[in-house]
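Before anything else, here is the set of structures, which you'll find just below.
Next, two complexes with chain A in common: one pairs it with chain B, the other with chain C.
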Partner chain A sequence: MWTLLAMAWRNVRRNRRRTLITLAAMVVGVGAVIAVRGVLNGLQAGIIRTSAEGQLGALQVHRAGYLDNILSTPLTMDFPVEPALLDRLRDVQGVRAVSPRIQFAGSIAKSVPAEEELPEALFFTALAVDPKTEPAVCPLRKDAYLDGTRFDDAHLVLGSALAESLAAKVDDEVVLLAPDKDGSLNGEVARVGGSMHALLPGEPKVAVVPLALAQRLLRMEGRATELAVAVDDLRDIDAVKPRLAEALGPEWEVHTWLEVVPERQLIMRLQDGVSAIVSVVFLVLMLLGVANTTLMAVLERTREVGTMLSLGLTRAQVMALFLLEALVLGALGATGGLLLASGFVARFAHGGLQFRAPGATQPFDVLPFLTLPFTLVVLAVAVLGSVLFALYPARRASRLRPVEALAGR
Partner chain B sequence: MAFIELKDIKKTYQLGKTQVPALKGVDLQVERGEFTVVMGPSGSGKTTLLNIIGLLDRADEGSSYRLDGEELGGRDFNEMAGLRNRKIGFIFQSFNLIPVLNVVENVEFPCLLRKEDRGILRKRVLTLAGDVGLEPYLHHKPDELSGGQRQRVAIARALATQPEIVLADEPTANLDSVTSEQILDLMQRLNESRGVTFLFSTHDPRIMKRARRVVRLADGKLVEGNGNGSSGAELPGQASAALEAR
Partner chain C sequence: MTTLPLTFLALAFGAEPTALDALKAYDALMAPPHFKAVTKMTAHRDDGSTREYRMTVLKGEGDKSRIWFSEPAAVRGQEMLRNGENLWVYMPNLKRALRLASRESFQGGDFNNADIMRADYAADYDATLEVDPSSPDTWLLKLKAKTKDASYDSIKLWVQKAPLGMPVKGEYFTASGKLLRSAKFSEVKDFGHGATRPSLITMRNELATQRFSELVFDSLDVTAPAPDSKFALADLGR
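Up next, the complex of A and B:
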């Protein structure tokens, strides 16, 4: 076998130009498949982190039925934020932090001196969060804030699109109007603390409002509609979710962030699906190149095969020789591709690749990274696939009749 | 019992819808240690006969081929490959060396297919390479050698497996006259010193002169030198005279 392997190695080096062309195709193919997956890994990790730690919280707890009714009567499914309730959640294994919230809709207008004409009020959706406890649940939220933005019990943060529409600047006074759960319209005055970018697609006219202000506005003092929960490790949310549900009982519903925004899961699945199809096409084209190279080698070396058969090589040994050549090509191509992809990923692993989601007002950094299972599968497909795709030409060589092969037929 | 015993060897090729008979019933016996030449015009069936003796091709049904008393008809491909490897050495007109292997590797290549002690094998191969005058070229690749040197490598390779018979198909056809003489000297010396049976197909009158026995094929039949090698042997002189008269 070692003799055949040594011969295979030398045969691969024999027609250098052809080998280099085949290898180039393999290196680019394997490299692109691994690198594209690395970029997708970074993109999806960004979506997950931004969603779970910058917007939604890893898990959300609501009164049972809340999500089904979110468009009709969200405020009616409120609950008192009692320390005992928060403690019950915090005691669940894997839970890192809990923060109460209220989601509501209303209208907002810039406050102007009495003698001026009233400005137009804009419809907006608000997320009311507690400035003290929210950062533990969504530590990345502040990354979307523009420099100098303040968020506290007196200041709210406007989405950049909303701030632009209102022509509101920092420290401007704004008036919020919103119906409470009985339908009565109430108003509150607040100051603009700054504005924030949207990193992911969503409603453009949004604001982050201090919880206490929202509670006053909606006449919901001491109450909330949502508890956002942070977990120790995002990968464990599917394990933490049933524990939370069990600790809370049937009057409550617990959702992972993906269940709250299923379209993001759909987008990521779509990315996975498209990248898988493109990867398969790339790899098959590359492996057809290996099959072609092996077939050319067999056709060129028919007399040599005849000589080897006449010297007593078995059909299996002839087949093994050509399969080993494909194996050597596959291994070299896979190694080259891995180096290329690793180089690319290393180059951008600490920034430099930016992605702007449709509807987002600010791109976010994609930090590509490789995962061992996917990388190993691609390398195995490249190496073993090369052998598999060389089976036909190798078998053809091994089936040659010695007399005809010696005559070059 | 003769070392090689062919009885009623027939071989017909199918070319499209046409059947072309190459051998029409050849009987031939070759004794161990003979230096025998098969001669005949192009298309007379020399190469087909050597291919059948070398187990590279099969004779038609009804033919009988015994090598060292063993009937070889009906063997499968791998059994024939094993027999070729153990018992038969080949020397080709175009040398047929493996281009990616150097001289030593080419010579030992057929032996590597067996489970043989590498050290012993290397020693034997080096001795053999010395015997055929290749010592200065042991690590040269075939494309770095002259035609004569390449054929020396092929001869050493044919002998490396310690075969019982060496088949040589026109071994001097691609060599100049001086080199041909050297190669013939070498093969004759090896035949005498090692007792290996040599069977040639050739047009070369110089080989005829050296042969202890010449058999002649015409139109797929043996027309001279038929039968047992010792009793039916022709004198070299007669053979060359016959050839030169053509």
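Up next, the complex of A and C:
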């Protein structure tokens, strides 16, 4: 066996140019498949982190039926924010922090001196959060804020699209108008604390508003419609959810961030699907190259095979020789591809690749990383696949008749 | 307005009215040139709860109107003003007037702001007159918005043949033809000085069918003075 392996190694090195071309195809194929997955891993981890720790909270608690009613009158599904309720959530194993919120819609106009007429108001949707407790639930939220942005009980933060439409600057006074919990109009005055980047293109007009201001505007003092929950470890989110639901009872509903924005899960599944298809195509093309190389070798070395068979090598040994040659090629190519992909991923693993969705104003840092299972599967497919794709030419070589083979036929 | 007597004259001789005749008759009934009315709107919500608004409406010549809210406490002191295409709400706590959109819900109910504050359909819509075989006593007016600013994209309005223009029911649609609201006009009442019109309008929300709002006219005085000064932005809150 070792003799055969040594022979295979020598044979692989005999036609260096052909071997190098085949290897190059393998290195690029394996490298690209692993590296693309690495970037995708980073992108998806970014989406998950930004969604769970920068926007939505890992889990959201509402009164039962809230999400189904989000288009009609969600303000009526409110509840008093009592310390006992918050404690009940915090006591659940795996829960790190809780913060009350209100989502509402209204209109906003830049204030002008009293004797002047207010300009046209713009329709906007607002997320009201508590400036004191929200950072514990969504620590990454402030990353979207522009430098120098203030968010406190008197200052709100405008989405970039809204800030642009309003032509509002920091410390400008704005007037908010919204139907309250009962539908009656109410107005409040606030100051612009700054603006925030849009994470995704085509962002509607949005703002982050201090909770106390929203509670006055909506005549909902001490009340909220949502509790955002942070967990100790995002990977445990599906285990924490039923524990929360049990602690709260049937009058409440608990959703993971993925259930709140199912389209993001769809996007990630789509990315996975497309990358899987591309990977398979890459690997098959690469393996066909190995099959081609092995077949060429068999055809070139017909006389040699005849000689080996005449000298007493068994057919199994001949077949094994060609399979081992493919194995050596596969192993070398897979190793090279892994090194190439690792180098690429290591290069950007800390600095990050900056992506910017078209139309979005916030660059998105992608920190690529590799996972062992996927990498092992790709390497195994490359190595074992090489052997598998070499089966036909190897079998063909082993079936040669020594006399005819010696004659080169 | 000057065509109206002619219209009635023509009708007296049994001529069929044009769509515009019927629409102008509707406008004349529902929004006399100027009037003062005391009204009540009750919004019925999905959960069965209701909220009642009491207000005084003053309408002046040339698509001007103003509303003073007195109930509930949350909106006491609020006022609304319409002047042509412009609509404002005055917030007593801010001592400021803010612009409103015609199509926004009127105080969270199922009427929109224009339903309450503007009724000049002849100006906003092109009309065709049809016969609805299932309702021989009425004309079916099909209205199509002239501009995007009209409060609905299209309306089907059933009005009586006699008296011409007296509304019975209405259906209000989005641009895609989706039924948004449906109205029933009932309890026709003589408010004096020739003002006879439905005193109850029930507007049903066809998107959230548990919801509907009722608008009741307690009084309607077509002789009340409505000077232009009452429809100035600066007069709000005074």
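We adopt the following convention: the second predicted complex is superposed on the first by the 401 of 409 C-alpha atoms of A that agree within 3 Å, B and C clash if a C-alpha of one lies under 4 Å from a C-alpha of the other, contacts with A are read in each partner's own complex, and residues count from 1 in each chain.
The definition used in the following text is that contacts are C-beta pairs under 8 Å (C-beta built on N, C-alpha and C of every residue); 3 or more make two chains touch, one makes a residue touch a chain.
This is a predicted model, so every value here is computed, not measured.
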Fit or clash between chain C and chain B when superposed on chain A: fit
Now for A:184: first (chain B), second (chain C), both, or neither, which partner does it touch? second
Classify the contacts of A:76 with the two partner chains as first (chain B alone), second (chain C alone), both, or neither. second
In the superposed arrangement, does A:49 touch chain B (first), chain C (second), both or neither? neither
For A:117, select first, second, both or neither according to whether it touches chain B, chain C, the two together, or no partner. second
Please work out whether A:303 is in contact with chain B alone, chain C alone, both, or neither, and reply first, second, both or neither. first
Contacts of A:311 with chain B and chain C, given as first, second, both or neither: first
Once both structures are superposed, the least CA distance from chain B to chain C in Å comes to 77
Going by the contact rule set out above, which residues of chain A touch chain C in the complex? 72-73, 76, 107, 109, 114, 117-121, 123, 175, 177, 179-180, 182-189, 219
Would you pull the chain B residues touching chain A in the complex into a rising list? 51, 54, 56-57, 77-78, 81-82, 84-86, 90, 92, 94, 96-101, 109-110, 112-113, 157, 161
Within the complex, chain B is touched by chain A residues 3, 7, 10-11, 14, 303-304, 306-317, 401-403, 406
Per the touch rule above, chain C residues touching chain A in the complex are 43, 45-47, 51, 53, 72, 74-75, 78, 89, 91, 93-101, 105, 107-109, 208, 233
